[in-house]
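Same chain, two partners: chain A is paired with chain B first, then with chain C.
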Partner chain A sequence: MLAELVQHVVNGLILGGGYALMGMGLTLIFGIMRVVNFAHGELFMLGAFFLYTLFSLGGVNFFAACLLAVAGVALVGAIVERLILRRLRDQPIEIPMLAMVALSVIFQNAAILLWDPSPKTVRHPFSPVPLTFGPIHVVAIRVFAGAVAVALIVGAHLFIQRTRLGRAMRATFQDTDMARLTGVDVDRIYMFTFGFGAALAGASGALLGAVFWVYPAMGDLAALKSFAVVIMGGLGNFPGAIVGGLLLGVAESLGAGYISSGYKDAIGFVLIILLLVWRPQGLFGKKGLSR
Partner chain B sequence: MSSKALLGIVAAALLLVLPLLGVDDYYLHLLIMGGIFFLLSAGMNLLLAAGQLNLGHTAFFGIGAYASGLLSLRFDLSPVFTLPAAALVSGLVGWLLGMVTLRLRGAYFVLVTIGFAEVIRLVATNWMDLTQGPLGLAGVPPFNLGAERFALAGKRDYYYLMVLLAGATLWVTARLLRSRVGRALRAVRENESLAESSGISAYHHTMLAMVVSCLLAGAAGGFYAHYITFLSPELFGFQNTVTMAVMVVAGGQGTVLGPAVGALVFTFVPELLRMAAFYRMLLYGVILLLVVMFMPQGLVFYLRRLLASGTPAPGEPTSDGAAFEAGAAAPAPDPALSLRDVTVRFGGLAAVEGLDLDLARGEILALIGPNGAGKSTAFNVVTGFQPPDAGRVHFVGADITAEPPYRIAERGLVRMFQRTSLFPDAAVLDNVLTACHRLARTGLLDVLLMTRLHRIEEQRLEDRARAILAFVGLSHKGDELARSLSCGEQRLLGLAIALAPAPSVLLLDEPAAGLNAVETGRLMRLIEGIRARGLSILLVEHDMKLVMGVCDRVVVLNYGVKIAEGTPAEIQRHAEVIRAYLGSGDALARP
Partner chain C sequence: MKIFRVITLAALSAFAGVLAIGAPQAQTKTPIKVGLIQPLSGPVAASGSYITNGARIATDRVNAKGGVLGRPLELVIEDNKSDPAETRNAAEKLIVRDKVPVIIGAWGSSMTLAMMPLAAQHGIPIVVETSSSGKITDPKTPGQKVVSRISPTSELEAVGAGALIPKLGMKKIGYMAVNTDWGRGAVAAFGEAFKKNGATIEGVEYVGQADTDFYAQLTKFKAAGVDSIVITDDAPKTAKMLQQMKELGLNVKVLVTGGSAWPDSIIQLAGPKAAEGAMFINFYNPYDHAMAGDPDASKAYVKEWKKRNLPWIGIVEGMRGFDAVNVVAKAIEAAKEPTAPKIMAALKRIEMRGLYGLIKFDQNGQSYCNIIVAQVKDGKYGVVAMTPSSKLWEMSAAK
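On to the complex of A and B.
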């Protein structure tokens, strides 16, 4: 009984690590740029496909392929900011939102044309035999995915808190005009932010893609999950996204184990609607959920 | 007859005779689908007018479709009854969802509605007993007029039914958007605080838009169920909502015709793209992106500009400004406004501490003090934006402590805000007209049916708005956008907006901020003119010339505590006030 519970929690935490990475990217982009990135799921998908292409098709070393995939998604993100979002900065919130929706349609259909819609597996170099920790069994790739997710979460956090660039990002987050006045190149920060957020989504996609399947529509559900994560944690709230992601992963894992796997994907949003009734400002948010 | 009305009649006639011209069934089908999407996007557009984008709108379409389908299958009811029932079910669900989500704004609302649709999709997929899950619901009976003998036969019949529904939708959304309801919705979008303090309840208006949009979506779903006769959980897919949103934005959000144009264009575009075979969806995405990026104002905007080129702007009748009546000053007990022991704390810091304040009827009272003294907080308490931790506020005898802002405004206590006290993207006249909201007495039915009573009232409100503009001296600017006014003119417009709901007590938060000496002098005369109409005025101001020049009494706050109270002359000599705020007397001499 207990062992089963712990097993669900461990699985949930590994899944939640991926959600947290997605959510962090989304919340960062929203917090700084006021853009709801509806192409986030497709950046996630691109991370997985870049890994698949480089490693499974191109024969690049697995770990190098992971790194290159993430860098590739970051580059895509930076280009998207430069070519699309920068032109829409003064528009009301729904305009960049719909532009990102259009972009997600483009990316997903381009992926279908490039890689065909059938699901693919990444034949990663880890042994398929589960590692055993007492009564808990975890396959090695999941341990790897979980460890990398934790490292990235901690790394991203340190980056934002400790570095000069991170400080400039936080300043832009708090007050864009004031940041500009103190000499922050806001254009560059925006481009970097979107690239960085995209990289987090891409990393999540590469990790979860290696654990599960890779297919063009894989971003749809992932994007929905990350929306749930950021609402739980509060839009623009970095620690909130981490906790929200882990929480959602565990809740889904437990829900699928004990309630119904059909409704697993609804758990996040049911939680949110309950949360809104009980605490309209979000888990960590302060009063007043505006803009 | 205007050319616009003529154009409308021609378009309507064309729509009516189209099936008689031997148009292919395929095109009739596309027009019918376009009609369904018009019902959907028109509703989405209505709620978006208030700034709320419902990206779960397809849930209400699906709920309507399943409701009508299941009712007719399980209970053998005629679609004549199940279609309206479907609209009601969707409207009811919309109302319930609205109660939970309409406190949210912007991106939060968007994301939660997406989540709602996703939950409903999963329920439709997994609740096999009710919906047959992914297998779908087959064999929904075709539409009939009460009995199977009167079933609709071909595309043409469905087409006319759709023309009927679309016509009704056009009428309802036009009436709502082009009346005070539409003005109120846009006001909520542009400046929610100001809307509330003008007596417009953001919650009630967004709820109205939400319920109407869900009713329309439910009707669209009901129609779809009996037209297609097969339902699947795909109806709840996010892609559908995206299509609707694209139609709204591409057509022209906030306009009446935008959703219709958008729905037609974006029903036909994907069909044209069929030639592109594999590249169809990719091309579709590219077209979406280009439309959003390069014509965010929508097709209707560009069409209108094309049609309107060369037409001169209509001249504006001038009015003399003496005509607007002031607040219905109730025979009230002195004082008009009183605060007793009001305390507000932020964390451990007391922003206002035990404040007592009385504003006599017809008095002009200034609240002064250094920055951070608690003046604005006191204003927020009085107008309902900040519930006090302790103390009571009474307005003409009634306890209004912690009432919502719009209700306080309805009572006749209206404020002007410190910075943006206007609706920037609306015309100047519309700004004032919007704020006349609380004076309207006709009901929603009058608005929808455009009764004589309603038309007279709209005219009366417009006359009033013009008179107020004349009073503050902005008559000549009525058609300009509020954001294009100069700083001084914006303050005057703010004052006009505050006067529009006919308040008996006016709160002015730094009305002279950013004004030059000439403008300030003009403002002082206006304030005296307002008092002459029987209003009481409480103002926060740093401009000592204005304070000492027009006020009967002055209250001085420092660190949230009242340190002095008296006539301007007394205050200027008050030792503690000089030390805390005024400094040496020289400061007063400066302009």
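On to the complex of A and C.
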């Protein structure tokens, strides 16, 4: 009984680590830049496909392929900002939102044409044999993905809070005109931030693509969970994304284990509704934060 | 999906142009349109693309032999985005704008059920190639009268494979099924077959169409001490379930129903270790043409699939599209004119051999197919048992 409970909680933490990973790119783009990025799932998917192409088809070392895949998605993000979002920056929020919906459809169908829709398995170098602690089982790749998730989230948080560039980013999105007056190159900050957010989405796609599998529609679920995690944790809040992700994972795991797996997704979203009724700004969000 | 469709159509028309040189009598005639609705995007897009490719192979084969009624067949392909509502939209477009006299589709049971009432309203016959929910050929279901189904119901699968259950030593079963009409129908049908054969179902867990993580459900089964797990889902998710069973240290017998997953696809997706020993209910074996209802067609189909460099793991699903187009071609030939009412009447009288087995339709529009139980043995394809479609037809006649 206890072993089952512990295994459910461990499963939930592993699952939640994945959700936190999915959510972190979005917390930057949606939470801080306030771009409702409906193409988030597709940036996630591109990270996975870049890894698959480099590692499984190209024979590049797994860890090098991960880094290159992330760099590739960052580049895609920067190009998207430069060519599309920059022209729409002064438009009402629904205009860039619709552009991102269009982009998500284009990316997903391009992936179907380029790589075909059959799912691909990434044969990562981690052992498939589970690590056993008494009756509890965990596999190495999931522990690796979870550890990278926490490292990336903490790193991104420190970067934004502690560095000069991070301060310029925060200034730009709090008050663009004022930031421009103090000498910040606002255009470059916008491009950099979107590229950075895309890179985080790509990193999560590459890692979770290796854990599960790689296919063009993989971003759909990721986008859904990401919005849930980001809203639950508080917009633009990195520790919030970790806690939000873990909470969602554990709630789904326990819900599926003890209530019914048919309602697994519903349990997660009921939790979000309850949380938002209690704290509309999310777990870690500041009250009245809006632009 | 526009881009996809445009390119598909461009490729098809280019191909038709090439074929026309070889078949002069079909060249001058306008083509006969056949609607095909499949999931070409969304979570089950891989399956839809395999079936579409199977349908293309059959269409090209029919046209290379001079077409039907001296006219070439033309597939009008629509994407239902793995979604029931989109399936209805796709059917409406095919019927109203393209004016197709017959539709093949739409992979998932929930998707097929969504378009049946509309097709019935317009009197357009549907040839169902994959869906296996019993509801589709139930006379109480709206639109059932326009359906001719070549894929088996879950009940039929359970009859074909049920006798094996005591032999396999399956006693305490955990059931994992996708949360759709297909999964729920299979749980009902197999649940009955298992009970009849002395096994108990310890628990049923439903999973979402796009889920990737099954730790919670599998942990529950492990705690319940099941000796077997039965799965009704597509190949990619089945592969993940098998992998995650190994990750959780759950070593039990596995039987996969539905015919989408087969040994080769699971060996490729999950690796030979996780796949070892798993059993699959299939309707076609691409390694043994003698098992198919029409061995020559089977040989030609496998040859063409390889020639086109299509993913090998999709060949068992692609067969459904291949057979569906051949059934439609045969029905149009028998109808003497390509109109919906004539084709519908011709489908009711049809009797032919396809890859599925002996294809003809009972009073509810249901055909019976070969039921093969395949297994991964030493990392390779193996066959455990087979019930030929002719035997199922005899059994039903005796009833």
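Here, the second predicted complex is superposed on the first by the 273 of 291 C-alpha atoms of A that agree within 3 Å, B and C clash if a C-alpha of one lies under 4 Å from a C-alpha of the other, contacts with A are read in each partner's own complex, and residues count from 1 in each chain.
In this section, contacts are C-beta pairs under 8 Å (C-beta built on N, C-alpha and C of every residue); 3 or more make two chains touch, one makes a residue touch a chain.
Keep in mind that what you see is a predicted model, and the values were worked out from it rather than measured.
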Overlay done on chain A, so just call it for chain B and chain C: clash or fit. clash
So in the superposed three-chain picture, is A:36 touching just chain B, just chain C, both, or none of them (first/second/both/neither)? first
Which superposed partner A:269 touches (first chain B, second chain C, both, neither): first
With both complexes superposed on chain A, which partner does A:7 reach: first (chain B), second (chain C), both or neither? second
Kindly classify A:91 by the partners it touches after superposition: chain B alone (first), chain C alone (second), both, or neither? first
A:217 in the overlay: touching chain B, chain C, both, or neither? Say first, second, both or neither. second
Let me test your reading of the model: by the given contact rule, A:101 touches which partner, first (chain B), second (chain C), both or neither? first
Look at A:239 in the shared chain and tell me whether it touches chain B only, chain C only, both, or neither; answer first, second, both or neither. neither
Could you say whether A:227 touches chain B, chain C, both of them, or neither, answering first, second, both or neither? first
Please work out whether A:113 is in contact with chain B alone, chain C alone, both, or neither, and reply first, second, both or neither. both
The clashing stretch of chain B against chain C, among 167-175, 185-193 or 275-283, is 275-283
Shared chain A surface residues [contacts with chain B and with chain C]: 106, 109, 112-113, 220, 260, 262, 265
Inside the complex, what are the residues of chain C that reach chain A? 1, 3-4, 7, 40-43, 45-46, 48-50, 82, 179, 205-208, 210-213, 215-217, 219-220, 222-223, 236, 239-240, 243, 246-249, 268-271, 273-274, 311, 313-314
Contact footprint of chain B on chain A as seen in their complex: 30, 36, 84, 87-88, 91-95, 97-99, 101-106, 109-110, 112-113, 220, 224, 227-228, 230-231, 235, 260, 262-263, 265-266, 268-270, 272-273, 276-277, 280, 289-291
Interfacial residue positions of chain B with respect to chain A in the complex: 48, 51, 53, 100-101, 103-108, 110-112, 114-116, 118-119, 122-123, 125-126, 238, 242, 245-246, 249, 253, 278-279, 281-282, 284-286, 288-289, 292-293, 296
Can you list the residues on chain A that touch chain C in the complex? 1, 3-4, 7-8, 11-12, 14-15, 18, 106, 108-109, 112-113, 116-119, 121, 123, 128, 130, 132, 137, 139, 212-213, 215-217, 220-221, 252-254, 256-257, 260-262, 264-265
